[in-house]
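Heads up: the structure comes next, in structure tokens.
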Amino acid sequence: MQKITREQLIEKAAALLAGGTVTAVLGWSKGEFDYDVTPAVFHTAEELNKDFVWNDFCGANFSKYLVAKAAKEEGKVLVFLKPCDTYSFNQLLTEHRFDREKVYAVGIPCEGMADIAKIKEICGEGISSIDCGEKIAVTTIYEDEPVMIDAKDVLAERCVNCKSKKHVAYDELMGEEGTVIDSARFDEVAKIEAMTPDERFAFWQNELSRCIRCNACRDACPACTCEKCVFDNPNSGVENKAPANSFEEKMFHIIRAFHVAGRCTDCGECSRVCPQNIPLHLLNRKFIKDMNEFYGEYQAGEEVGTRAPLVNYTTGDIEPGEVFDRRDTDA
Amino acid sequence: MRKCSLDSVNSVFAEIAKAAALYIPADRTDGSAVYTKWEEGVVWSKALNTVRSPKDFFFPQMENLMEFRTSGKNIEIVDTRSEAEDFVVFGVRACDVKSFEILDRVFLTDPVDSYYATKREHGAIISMACTRPSETCFCKTFGIDPAEPAGDISCWKTETELFFQSNTEKGAALLAKLEGVTEECTEEAVDAQKEKINAVMAKLPLADVTTEGFGGGKTKDYFNDPAWDELSEACLGCGTCTFVCPTCQCYDIKDFNTGKGVIRYRCWDSCMYSEFTRMAHGNNRLTQKERFRQRFMHKLVYYPENNDGLFSCVGCGRCLAKCPISMNIVKVMKKIGGENK
Amino acid sequence: MQVKEYKPLIVAFCCNWCSYAGADLAGNNRLNYPADVKIIRVPCSCRVNPMFVLRAFQRGADGVIICGCHPGDCHYTSGNYFTRRRMAALFSMLDYLGIEKERTRVEWVSAAEGAKFAATMNDFASTVAALGENKRLEDLRCKK
Amino acid sequence: MNNRTETLIPKIGVITDVRIDTPDIKTFRVVTPDGKKAFDHRPGQCAMLSIPGVGEAMFSITSSPTNTEYMEFSIKKCGCVTEWLHQAEVGQNITIRGPYGNPFPVDDVFAGKNLLFIAGGVGLAPLRSVINYCRHYRDRYGDIDIVYGSRSKDDLLDYKEIIDEWAADTGVNVHLTIDNPQEGWDGHVGFVPNYVKELNFDTNKTAVLCGPPIMIKFTLEGLCGLGFDKTQIYTTLELRMKCGVGKCGRCNVGSKYVCKEGPVFRCDELDELPSEY
């Protein structure tokens, strides 16, 4: 259950609209069921009252939408940012992808988002309603009584390993400021690192072979804001619409992860949107973990204007060959 | 009608697999179901449906069409297809079976697409009546009865037994081969099962979605609807909906230079992609709104106009479940259709 | 029939200012290194995009080595420092995906180090040869 | 399986002649390796040409169906396929498949009518096939007027053929124009739409338009201004195509596939389609 209520957010947005501070509100719009929430732009209080939602399924990171919407809207755009979204927000500002003056950012605390797949694992298909109270009450068409689920048990992976409840950017903050969390987000990476090369290869072969190259990971990623992706450009020589074989699957994901390395804030959108449940965050976290180990702790988006590790250097950097030596001696 | 007990379903699979490759829905490591080639040890999934639709078997995401060998100014065209082999797809839901009719009307109308036609000839479909539809299901909207799936053989599953009914010559021949592992039976249990399914269908949250107002000849009514702006506002332009869709059939033909020759292949394409209609001198669909509109207009207006009113959607619910931003055909139908009623 | 000895195909990206000249020197001094090392001259080692490395593997390379000026000696002042970071990250990722780490290497070779160039190539080629053909990052379409 | 037509597998075509028409347009003569015409076609139809590894693209067949020996394609350099073709030499193999699309209704609607052809730039390419077809069966048609404009004298396609053959025919009137004055040009100067208005044609004609979209738009307005009805005017559309047989799903305008139901459309039919071309 979220600490801030839907009504509080509507009230805030309506006041800012009425006061003329903003002309549009980027928010979550309700869907057919209680969990299929769609990002939407609201312009009036009526629209907000009708369709605006804030619940445990508002996972979408709005930062990337600002690139298009801030440029499109005439006035300022109000955006609600969860703590993890604020990192992407800063990162996009660092890269000059939108005009800060066009945005009014309201930080909202987040207690973690629920993963509908995990809920369905517990109560099966046929959900008729979900009530996000103290416990999540899920009613299905097959049972008379709702199934009561502890929100902790169905948290999305990225929220289980939440790295920070702290808002690193906002014009206004609702609720209390959180803190950076000492998360266990690299544990999974370390587990894979500890496997033998053969096991690692088999693991990733199994995961990446599911890729259908729908590009959802790329299109949802707040770090992927190239005007024209190399994988869409017919003149690049690597453009393709289907993963032709295991090489192309790997190439797409290695290059994508590499291109966002140092800029990826680990918001977890890639894994959330993947229709084939590929744990793409494990690729990004590998880069983050490596760079933290090689070049010192760095969190993309923590501050505006910082230099990412891959566009920086020191004269005493570790040699590519030593990377393995060090790990091998550690092991 | 014939039946077997659920405990002995593996012997049925084994019997089918003797003569043809058999694909059944099986759970994979991430928890979702996928059509998997059956062999001893592969377990039939309890999931309602697979993430990817069975259109893959007839219209794969990628298939080689031909090869070119070039030397100097000369080109040689090599047809690289090998002899097609028979295969059986088991556990296809009523909605997905219907999708083959929709694909057939595209690929089997003159001029016939031989790549697709060959696979259709060699493939047999064993369909499966639904037992636990999901909230995302809305096949009834398109006149599909999940209790009466088509296909070469239809199956019904009860708590303990599996029932078989052949619908085509191909199905009858296949069922005849299963005589040793199935037994003759009456239809009572199946009728009871059908009633059960129908009772569930009425309770589904999307039971009231209607195609009323859509169909051929409606282009002018909907094309300039201002609601397209709002609906497409959040669309990321990814291809998820088109790639999980059992009826999306747009494709691209591309060449791959291997260094030793050129492979010409075809792969799925998505009208959601910005490159979809790009030409040397420009693009006629410049924004995501136009691409988004194309997809739904095609399914709800253009396709029925060219195909006797048949809609190019079967209500399988895959796009509802998989869209990263939860925008889908149901929301579009309710918005655009609702406004224009 | 005699079995043909397996010879790995090595792609070496060499910086124009140091390593390429180093390769030249190795040649002038008649130093032996495997003929299956295909040298691609790049203006600076940091010109090597991760895509180059992957596509070399796609097109049939069994090992990829990147040679540049010694750190501090870059013709463009700092190019090879970036190479060092990028390739450390990339190679670590390839290893993470289970691709043999011995197939990739970065080596600093100056224009005066013809002998080092030849020795490096001999060593790298024999390491890769011991691994056998590149199977984990191959594109079968290119292998027919 | 042999009775099946393999729609996606092309035939080999050999370029037997390359004619440089303008600085950026060349005309290619194509036959099969045994020297025959690859397939029969009707005026206005298209063919898919490709170079393996470069791409496949749709081109209108420039030569008349009455030419039974070879096909010609006038191609302007504008994308990767066309650029490659422009470098090709005589003897180069390409692949060809077709014919695709609906032809102009030369044998029914056009029969007995006075015809007015209006083209701009490389837009003459698809019309040349119709014009030559109509000239071949001259007695079936009434007067023929041809309005053709281009950027400059050098950019006029088939200039020699137009002057030597078309203009020499009885009952064929050729009106040429270029966009800007040029030394050595004593003909008309001005844009095609304006020239059409100046020529003030009577409406007892069936008009066929082809050219850049902007020219089509204004010429159409001009013709309507002269009193033409949209049912008297035909044009051709072009969109990205991959299969040519109405299956790959990208060249549709509304429910019509340009590769199947087009590329020839009557202008009143276009009004029925959504404005997405």
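Read from first to last, the chains carry the letters A, B, C and D; within each, the first residue is number 1.
Definition applied: contacts are C-beta pairs under 8 Å (C-beta built on N, C-alpha and C of every residue); 3 or more make two chains touch, one makes a residue touch a chain.
Note that the coordinates shown come from a computational prediction; the quantities given were computed from them, not determined experimentally.
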item: Label of the chain whose CA centroid is most distant from the centroid of chain C; value: D
item: Pair sharing more residue contacts (C-beta pairs) when B-D is set against B-C; value: B-D
item: Rounded Å distance between chain B and chain D, as computed from the means of their C-alpha atoms; value: 40
item: Centroid distance [mean C-alpha coordinates] between chain D and chain C, Å; value: 53
item: Distance between the centres, which are taken as Cα means, of chain C and chain B, whole angstrom; value: 46
item: Junction residues of chain B, two or more chains touched; value: 252, 256, 269
item: Touching two or more other chains - residue numbers and ranges from chain C; value: 141
item: Multi-partner residues of chain D (at least 2 other chains); value: 80
item: Residue ranges of chain B touching chain C (in the complex, touch as defined); value: 256, 258-261, 263
item: Footprint of chain D on chain B - complex, ascending; value: 65-66, 68, 70, 73-77, 79, 106-107, 111-115, 117-118, 216, 219-220, 223-224, 249-253, 255, 257, 262, 264, 266, 269, 271, 276-281, 284-285, 290, 294, 297-298, 301-303, 305-306
item: Chain A residues touching chain C - in the complex, by the definition given at the top; value: 192-193, 197-205, 230, 237-238, 244-245, 247-248, 250-251, 254-255, 257-258, 261, 283, 286-287, 290-291, 294-295, 309-315, 317-321, 323-324
item: Residue numbers on chain A that touch chain B, as the complex places them; value: 31-33, 36-41, 60, 65, 117, 121, 124-128, 140-142, 206, 210, 212-216, 218-220, 232, 234, 240-244, 272-273, 275-278
item: Sites on chain C touched by chain A in the complex; value: 50-51, 54-55, 57-58, 71-72, 78, 81-82, 84-101, 104-106, 136-141
